[in-house]
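Notes follow once the structure below has been shown.
Letters A, B and C mark the chains in the order given here, with residues in each chain numbered from 1 onward.
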Amino acid sequence: MKQYIVKRLLLIILTLCGLITVIFLVSRVAPGDPARLAAGPDATEEMVEVMRTEFGLDKPLVLQYIAYFKGLFRGNLGRSIRTRRSVLDDLIAFFPATFELTVFSLLFAVVVAIPLGVLCAVYRDRFLDHVARVFSVSGMALPMFWLALMLQLFLALRFDFLPLGGRLGMMTEPPVKITHLFLVDSLLTGNWHAFQDALRHIILPAFVLSFPALASIVRVNRAEMLEVLTRDFITSARAHGISKIRIIGQYALKNALIPTMTMVGLRYGWMLGGTILVETVFDWPGIGLYAVQSAVYSDFQPIMGVTLLIGINFMVANLIIDLVYGALDPRVRYE
Amino acid sequence: MNMESSILTVKDLRIHFDTFEGTAQVLDGCSFRLGKGDTLGLVGETGCGKSITAKAILGLLPVPPTRIVSGEIRFHGQNLLSLSEGEWKRIRGNQIAMIFQDPMTYLNPVFSIEKQMVDVIRGHARHRNGSMSRSEAREKAIGLLDAAHMANPRLRIKEFPHEFSGGMRQRVLIAMALAGDPEILIADEPTTALDVTIQAQILRLIKELVERFHHSVLLISHDLGIVASVCRRIAVMYAGDIVELTTIERIFQSPSHPYTKGLLRAIPNLSSREGKLVGITGSIPDFIDPPKGCRFHPRCLHAMTVCKEVKPLLEEIAEEHQVACFLYEPSWPDAARGKKAMSQRP
Amino acid sequence: MNDVWTNLKPSKTSGVWAQWKEEHESLFRDIRLSLYLFSRSPLSVTGMILVGVFFLVVLIGPMIVPFPEDATGAVHMSQKLMEPDSRFWFGTDEMGRDIFTRVILGTRISLRIGLIIVCVAMGIGVPLGITAGFIGGWVNEVIMRITDIFLSIPGLLLALAVIGALGPGITNSMIALSVVWWPGYVRLVQGKTLSLKEEAFIEAAQSVGAGKARIIFLHILPNCTSPIIVKASMDMGMAILAAAGLGFVGVGAQPPAPEWGAMISAARNYLPTWWWYAVFPGLAIFITVLGFNLLGDGLRDILDPQSRGYYRE
């Protein structure tokens, strides 16, 4: 088992190196002068030349590549023209917000969608199934940013149920920074008021972010449950008198979860990408918003930093999903 | 075989199966009895309806698209076709248990043998007299695996189905079937998916268990030889009907139905020096549009006019020997035979 | 005993047409069964209708819109931000332009975007996939590792990164999204090719001396078309959605182009009072993507029922 994790970590590092190479090539191959890109749209000629030497852009490509790698190891991800800070500092500042949002959304999606999928399979073609199907089908077609705006329109602007955006109300002090995750920190320090406020602020963005995931996980789980329930070992379990609840909740579900996990992993990826849209609408101070602001400003280095960070995030998430596979399916354990 | 001593009675079971192309009349009035300690083999080609009969007894058929059109299945007098899910729990595994064909697909791949057996054992215990702890159930499971001649059961019980060989998995299924101490054991092609050498071992095991625990057995197979080695009685099925129902000795001494005769002739005999293999011409009928009258008549060398019009019912032609064939009506001319058969229809 | 060859000679009584019909009887039966199953699913039929309406609007859009000049930058400040009424069915935006016209003409932009992205992605991905699957060995490894790298970042982010390098604009967003979509086709086709390669009929073809090109074009490619068609129809919807997302964020289509995402982005400033500005373009995106999704689902049910389609959606 440990061997497997080690092997996968090596693979991640390898893929990461590949990603870095691709990023490097994209930034150098891009039309236009990379030095100009790094200097920003309002730079003077002298500033561009300073950039050129500072980033070693006058040296041959291979040396640049090596320098880029060395820089990465030292944590040098470049500098943001817009915020005037190092990209690394910016990422550290903004990542916890995105992490909290995406993890919360994923948990929400999984906790709601999997039981719902089971219920839809068991009560097939009844009212619940039809309603769920309408949501599932529309869930993947609904533009996240539009859903966000519509919910803002009705819940925040028309009727003042939930806040319009941000992580905390303007009057609320953020909780003591332990994990930098507001929900966790406020619970850890017993700060009930901050917890409530953080919760009220995260509900809407998390719901929007998780909506497409909810939709697809319900569909997949339902389909897998229906398929597994036709399998022979279910007939066998029934023949031995095993109760219906156990058959559905254990015998069938554990098998159905295996392909469902694939979908969970995929949707987490889309969630990470979706932060670009959701954080923009809700003014959520995460790296998605950071990336968008950088892109609009033509600030290239931060975008690369965000890409790298989310790439790592996604790969680690996939590794975790693989471990979950191992926990579910004994046949893949000893690879 | 009289009514009083039979514990399972299948009477006139008619089952239809709805498909895109029409309704397949899969079972067309199947009837037989199983007594206490009795061993009955159900023999027929693939697709003749024997597996469906077995599954119907335990209520395992998927109800759409399958439909039980008419008939009864009585177990100790109780009609199994009208049971609720709750009532089934008393019967399944507890009083009637089933051993399935392909032990790979009939075991849950993601749970250990221990978990699957313990669940079954504790379930049965709950329906009998209360409850059983996990460790007690585990001990009982190990004992059952031992009775099924599995090597090292205490160690291997923690393993998963894919870690066992085919024969071992079938022993697990057999052990699970015995867990509830059932009266009736239904074995649906228990050796078909196994190698020939393992087949012999498993058959020996089944015989030994039957002798030890006195189950009644319904053994389903397409192989006459397997049935002959385990069962005392045999029912030959063709295209959804039972065409001959008798003892093993009589089926070999005096096979009566033309289909049975054809089957016996078709078994290749290694010691004989005869020439060609003899088959039965034609093929099994289309269940959606079955032949009128006797379903075998298109392939039968002795088909008469009445066979094409009227369906023959099982009639007793000797002690413990029933045949469904107009050739065996006591010597009456064609038309009168037809009229008699029709007037006897319920 | 019948001569085995007798049945192969064309019979003199039936013509060539009748014989062709008989040879392809199973194909006809399959088609009839597929159409029947498709029509039985109301969702699939709905999808087909929605997509049909979409294409219809694309075709006749310019002829039916009341104010075509509003899509190309006309400004009528006197009628800005008017509520939907009988003249302006969807109301007007902050430049006084008829939103109904802009939404209808936006279908053309969306179709172009979706079509180009999917075609380019297929054009790159399918050949690469077949190559990887068919040749195998280190070629396969290299191609699949590169594909994995592209699949290791979420799509929208990768697109943003590419746009970051290339600059904003509708062409660049099409390029960016093609980069995002091609790996999915590589994976799909490579997997299918690998499993087809193991099939007996490929071995049979090779044993009678069929060349590699012949095997690829006659045996492998036709068997790949079903999953490719299913994926392409689902991808159309998803690509349009992604492009709208990029437009919303400001790096896709630029004003005054009537791209739906960009319209919603501008509309954001005018909520909640002038709500119609954001609502109608969003509905247009929703209905279009829904149509393609339902159609793709329906096609999958009849063309490729075993596939679970867990590739990049």
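By definition in this document, a residue touches a chain if its C-beta (ideal position, glycine included) is under 8 Å from a C-beta of that chain, and two chains touch if they have at least 3 such contacts.
Note that this is a predicted model, so its numbers are computed, not measured.
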| item | value |
| --- | --- |
| Top chain pair, ranked by how many C-beta pairs fall in contact | A-C |
| Chain separated most widely from subunit A, comparing mean CA positions | B |
| Computed distance of Cα centres, subunit C from subunit B, in Å | 52 |
| Length of the line joining the C-alpha centres of subunit A and subunit B, rounded to whole Å | 55 |
| Whole-Å separation of chain centres (CA-atom averages), subunit A against subunit C | 25 |
| Contact footprint of subunit A on subunit C as seen in their complex | 43, 145-146, 148-150, 152-158, 160-168, 237, 241, 244-245, 248-251, 261, 264, 267-268, 271-272, 275, 278-279, 282, 285-286, 289-290, 293-294, 308, 310, 312-313 |
| Residue ranges of subunit A touching subunit C (in the complex, touch as defined) | 15, 18-19, 22-23, 26-27, 29-32, 37, 133, 137-138, 140-146, 149-150, 152-153, 157-158, 216, 220, 223, 259, 262-263, 266, 269-274, 276-277, 280-281, 291-292, 294-296, 298, 300, 303-304, 306-307, 310-311, 314-315 |
| Parts of subunit A lying in touch with subunit B, wherever the complex brings them together | 230-233, 235-244, 246, 250-251, 254-255, 258, 328-331 |
| Residue ranges of subunit B in contact with subunit A within the complex | 55, 58, 60, 62, 85, 88-89, 91-94, 97-98, 100, 102, 105-112, 116, 119-120, 123-124, 127, 160, 162, 173, 176-177, 179-180 |
